[in-house]
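Just below sit the structures, each encoded as structure tokens.
Two complexes, one shared chain (chain A), two partners (chain B, chain C).
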Partner chain A sequence: MHARLKTIWKTRELSTLFVLALEVAFFTWYLWPEGGRSHPFFNLSNLVLILKYSALYGIAAIGAAMVIISGGVDLSPGAVMALAGVVTGHVFVVQGHPLSAGVTAGILTGLTCGIVSALLVVAVKLPPFIATLGIMGIARGIAFIITEGRFFDLSSRLPAGWKPFGLPADWLAPIVLVALAAVFQYLMQRFQWGRAIFAIGGNETAALFSGIRVGRVKASVYIVAAVLASLSGVILVAIQGQGRADLATGYELDIIASSVVGGASLTGGRGSVVGAVLGTLIFGVLRNALPQIPGATFYDRLIVGVVVVVIVVVDQFIARKGA
Partner chain B sequence: MSELSFQGVTKSFGAVRALKGVTFPVEEGEAHALVGENGAGKSTLMRVLAGIVRPDGGQLVWGGRKLDLHSPRAALDQGIGMVYQEMLLFPNLTVSGNIFAGREITAGGGRLREPDMRERTVRLLEELHLAVSPDAEVATLSTAHQQLVQIARALAFECRILILDEPTTCLTEAETAHLFAILDKLRQRGVTLIYVSHKLDEVFRLCQRITVLRDGEHVGTFEAGRTTPREIVRSMVGRDIDPAARVPRTVPADAPDVLVVERLTRRPWFADVSLRVRAGEIVGLFGLVGSGRSELLETLFGLYRPDAGTLSFSGGPARFASPVEAIRAGLALVPEERHRQGLFFNLTVRHNLLLPAENASDAWRIDDRRERADAQRLVEHWRIKTAGVEAPPDSLSGGNQQKVVMAKWLQASPRLLLLDEPTKGVDVGAKWEIHDLIRRQADQGMGCLVVSSELPEILSLADRIVVLREGRVQGELAGAGADEESVMRLATAVRH
Partner chain C sequence: MHRWAARLVVVAVALAFSTAACGKKEEGGAPGASPAGAAASPAGKKYRFAVMPKALNLPVFFYARTGAERAAKQLGNVDVIWRAPEDADPLKQKEILESFITQGVDGIAISCTSADLLNDPINKAIDAGIPVVTWDSDAPRSKRIAFWGVDDFKSGQIMGEEAAKLIGGKGKVALMTSLGAENLARRLDGVKDSLKKHPDMKVVETYDIKEDPTRSAEMIASGMSRYPDLAVWISVGGWPVFVRNALDPIDPAKTKFVCFDTVPPAPDLLKTGKVQVLIGQKYFGWGSEPVKLLAGIKEGRMPAEKKIDSGVDVVTKDNVDAYLEQWKRWEKGEE
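The block that comes next holds the complex of A and B.
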């Protein structure tokens, strides 16, 4: 029984889920309303709201986690989200093409960003930090050039009560997220491609000597990450109804933090897609609940920072004890 | 009969000519040893065969066909496997994941067939008598087990040529014997083995023919049955030396104690260790892997705090809370893992040599010109073979890297020198030079405490031998009267 518990705790996704449950329980208790009023935190519409916004981070975090597991880092997802969203807005609103054309253009933008990152990392051999820092600036810059400070109002062209694939718009991001997380978790755990990513993150030289096509696999990871980021950018503008160049500013660090809180190691070789997604939910709950605590308004960034550090320290402590 | 032949293979790294037109044949189904000093070009030549290094000129022909070796994958696909000297493993993957990395068993679309891989792993581990779980993460295994996993990786695939680069570095005698039995079986199945090693006794046990390289050139290929270790060593170093010969030396009877250790304990590594080192004396600390010897040195050096026991140093009680304090007091440690603990590969030879001096100096500024002169002087004094003081340490051979580490610590003229496996992975010629350097330091009154798992080294070097087993001192022997049997008996607790 004891050994069983240990395995469960060591399954990192489950311990992250446990932290998330603890967090939800804490805020439910802490924000319990007096005298039968409806709960400000634990109610369906608020939970859906958390899910909706966390899912936008979450889709990008799937890619970010894979990059981190491969031993790299991606600083560009926030900027790629913005650029993809702006391109979608431009094609759909300014050029007047159908939404499907806008979405396709947005995703192709992400694909392009990913290919450039991949080339910089794999062919030019830039450190991933530098390569993606450059892409971050370039993508964000192009977004500003396209918008010239305006924003594209998608909502005016979208039909009222717009239902993508027959679903309420709010549910789009969570459903896409769950589907993608499942697919990529499966690919990472059960496929040669995923195993190669773990191997490269664990020891790149050994991977090369083992006949793994290191360049190809690494390139694919950066491309997938950028495409996922662009997808979440496109969904973001679709559900918010606005395409703006300053969308998703600063998301990249939150996304990296989510991956780490979900068990990814920045030295590579460890982590999981589902863990990263759960990590985004941990932050989503914090960002939603903290402002509701009276007097906590100015503390939320600080608390988020403390939480990152505490979770990672506890994780390392457990890892060391376990070894 | 098809054979593998190296034909005029050349390779240069910058100004260093690593291979100068190497030509020799390897017959199919033989175990062929490749020996030579570090820097002789053995590893480079094997890396050419494994598709990692692309030669500048020449070719490799196998069975009349020119081999295309543009990548490790290409080599693997043609049935050429290699067990690397460095630990090329994935610490984050399981044993089974490591064995199949890059060549997983898959169903359609690249989906992994874990049960199949696990089953094959179990069989391989059994064959190797390796008692680890196929699901264990490799980072949690001991170094010896990790090395066996590396060998299992090479054996997992039907290769026709298997290259082994120093595969027994971390293995016990029993594990080595077992490995050799497996290699013999492979050879009988027609696999060609190329065995790179410094350990000549192993070479003679395993191989039918021995090729010697020196300075990137082929010196000769010998039939193992018609040559002697002595002849091989002579062709390796180009002169006649017997590395195992004991150099007699005497320590003055009135030499004071430099280090006195009383009942030192640090759980779980060692307990109740008492020993002393006198000025000018070389004390050998012998024990098998896991006996606590490295940890003992590191504790003396202030890296760990002892649980109990006392130290006295140069006649006064001492307690070192950190390596900085130990160094200030006059200790120096030449660590076991040159790569991890001894050298800065991002810095030049000069900075590596002078780092402790830079730290000890009160000057804020580094005087480049003076440093270059100092470094040059050290390079000459220690006979370090390097392209220059501004060369990076990884351009040096293992023996010369070790000399850099030693030179670096000895400038401060410590009173006690702790050496942990000073000649690990070092070739015969450099080994002899390093032993000579240690003796010269001792002759000047320095106390030396040498940890080594190579018995011949301890026997030829130490004035006194302290044997450690499972963290406890088993006994002391005078260096002059000791032989392999008496030391091993203490180290393994076998009663005869």
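The block that comes next holds the complex of A and C.
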């Protein structure tokens, strides 16, 4: 059974990768430049750009995918990103502590949000939708209270051409994303904890009777998701240079959509971390390539919506046929 | 394999859809068009200029787009790529701006949601040889070549002068602004500067409406009950004239109103007499002038100044009809 499940997931990720490759191939062909110009889409700096922005969604999507696999949903990542960024900015810029202290404070903020979400879901037994909706409002609200509508200018305190760990700042997010995706994919597939998440999402009662500590595992998932979101927020303000309360507004829906396009089922028990990351890249490529098509300005939302619906509908169709 | 085949179909359908959706505007020599379709200008090269407002959901920018497309049509060798985030999200605007740099567009004209956040990418574009001009909202600390828009201080002075004319230089004045925005602060400074020349005009209150048109209605109502003998309101933003009944508590015989912005339905309020002076920005020019500037830069004509004052339109009851006529022509894409 386990071996078979594994092959299915493997195939699923490969097919998401295939969709991504096809998308890249399509835009490379469609945007092929007139004679003499360099390719506007298929070039190295554009690739780094896509990775840089997708990674901000992707790091949070790793956590979102795990929440979805466990049968829950997390509406708070966008707000947690903003709050963590604002806290980092406050500690670093206003209070004048070193950046490492700001980063630590930002991630601890995420941890706190995660613990509160986990308590609301596991101890108070609120539906995850309501619990995380509440956290979304609270986190965003605190961010606005801290900033009072201003922003914290981190770039003024960072040296020009700042290189975290000796790397160009643009590469920080993609590298963190790849590392975290590898770690969590491994945890989800090879560790009891990861398999317990799948089991809970598949059938919570059965998981309970098979001896899984459902409450603990679920709580850990919400905490990990919030910490990852805060990490994404901290990286966001570090490389973008501004901590603002309105950053990452609405990202939660893009993050959930990425997980779903990457093969996660909102009913739980199905999905993958790597799939979710690939999902964010599918959207990242769309966000990057569509602006290059003159006249497509007002079609973006429509196209993205159609892509989500079509991929998920076909996915469900296949799943039903396969069952 | 079966799953793969199905996914292939999915993406083919979705992408074909996007092609179809965008296809109809492609005849202009877009990069996706066939190579044979390019080369319309005598020089054999069509410039691709990215024109970026703050957001797609702000109605004023609709007029800028009309202006940009008119200029592109007149010049003949320009394609305008009109792009922005749907709402005024500074980070998304930065992402789009950066993607235009890696795409190697021929020029960028941008209204900045958050000035300093964009300094880096603007400088990067300049270093990469892509000319950048700003319009409406500047990034003064970047290397942008020029800014085209309202001189806020000067337009504030004009508002103060117009208000003084209306009330004969004597009476109580209430100001309305939204704190935090640099352009509004400059306008307010301009108003205050011109009021210095009129010692009999006393500012009794400065209301902060926090960018909320509905709140402006509340403020006007409470202001009028507190200062029934108020001579004039000066609003440095267009909030009160975008809310149809915000001005109801005002008796135009006793209290005058001077307001920024002339976007419809504001001129209607001039006609009903609730407002006496409107100060209009060059909404269509926001699009057309930066495109012309970029085209000039491409041909070696650098703008003489870094900050180009677009001027303002002072609209009163006397010229409102002519202004509305002109507006209709602008909307049709005429001069």
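The rule we apply is simple: the second predicted complex is superposed on the first by the 311 of 323 C-alpha atoms of A that agree within 3 Å, B and C clash if a C-alpha of one lies under 4 Å from a C-alpha of the other, contacts with A are read in each partner's own complex, and residues count from 1 in each chain.
Rule of thumb we're sticking to: a residue touches a chain if its C-beta (ideal position, glycine included) is under 8 Å from a C-beta of that chain, and two chains touch if they have at least 3 such contacts.
Please read all numbers here as calculations on a predicted model, not as lab measurements.
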{"item": "First (chain B), second (chain C), both or neither touched by A:201", "value": "first"}
{"item": "Which of chain B and chain C A:95 touches, first, second, both or neither", "value": "neither"}
{"item": "Chain B versus chain C as contact partner of A:19, first or second or both or neither", "value": "second"}
{"item": "Greater residue coverage of chain A in the superposed arrangement, chain B or chain C", "value": "C"}
{"item": "First (chain B), second (chain C), both or neither touched by A:28", "value": "neither"}
{"item": "Partner chain in contact with A:53 - chain B first, chain C second, else both or neither", "value": "second"}
{"item": "Touched partner set for A:211, first chain B, second chain C, both or neither", "value": "first"}
{"item": "Intersection of the chain A residues that touch chain B with those that touch chain C", "value": "none"}
{"item": "Of all residues in chain A, those that touch chain C in their complex", "value": "11-12, 14-15, 18-19, 22-23, 26, 30-35, 37-38, 40-41, 43, 45-46, 49, 53, 149-151, 153, 155, 236, 240-242, 244, 246-249, 287-288, 290-299, 301-303, 306-307, 310-311, 314, 317-318"}
{"item": "Contacting residues of chain A [partner chain B, same complex]", "value": "190-193, 195-196, 198-199, 201-203, 205-213, 269-270, 323"}
{"item": "Interfacial residue positions of chain C with respect to chain A in the complex", "value": "2-4, 6-15, 17-19, 21-22, 24-26, 28, 30-32, 35, 38-39, 48, 50, 56, 79-84, 86-87, 89-91, 94-96, 98-100, 102-105, 114, 116-117, 120, 180"}
{"item": "List of chain B residues in touch with chain A within their complex", "value": "50, 52, 71-73, 76-77, 82, 84, 88-93, 97, 101-104, 106, 109-112, 114, 139-140, 153"}
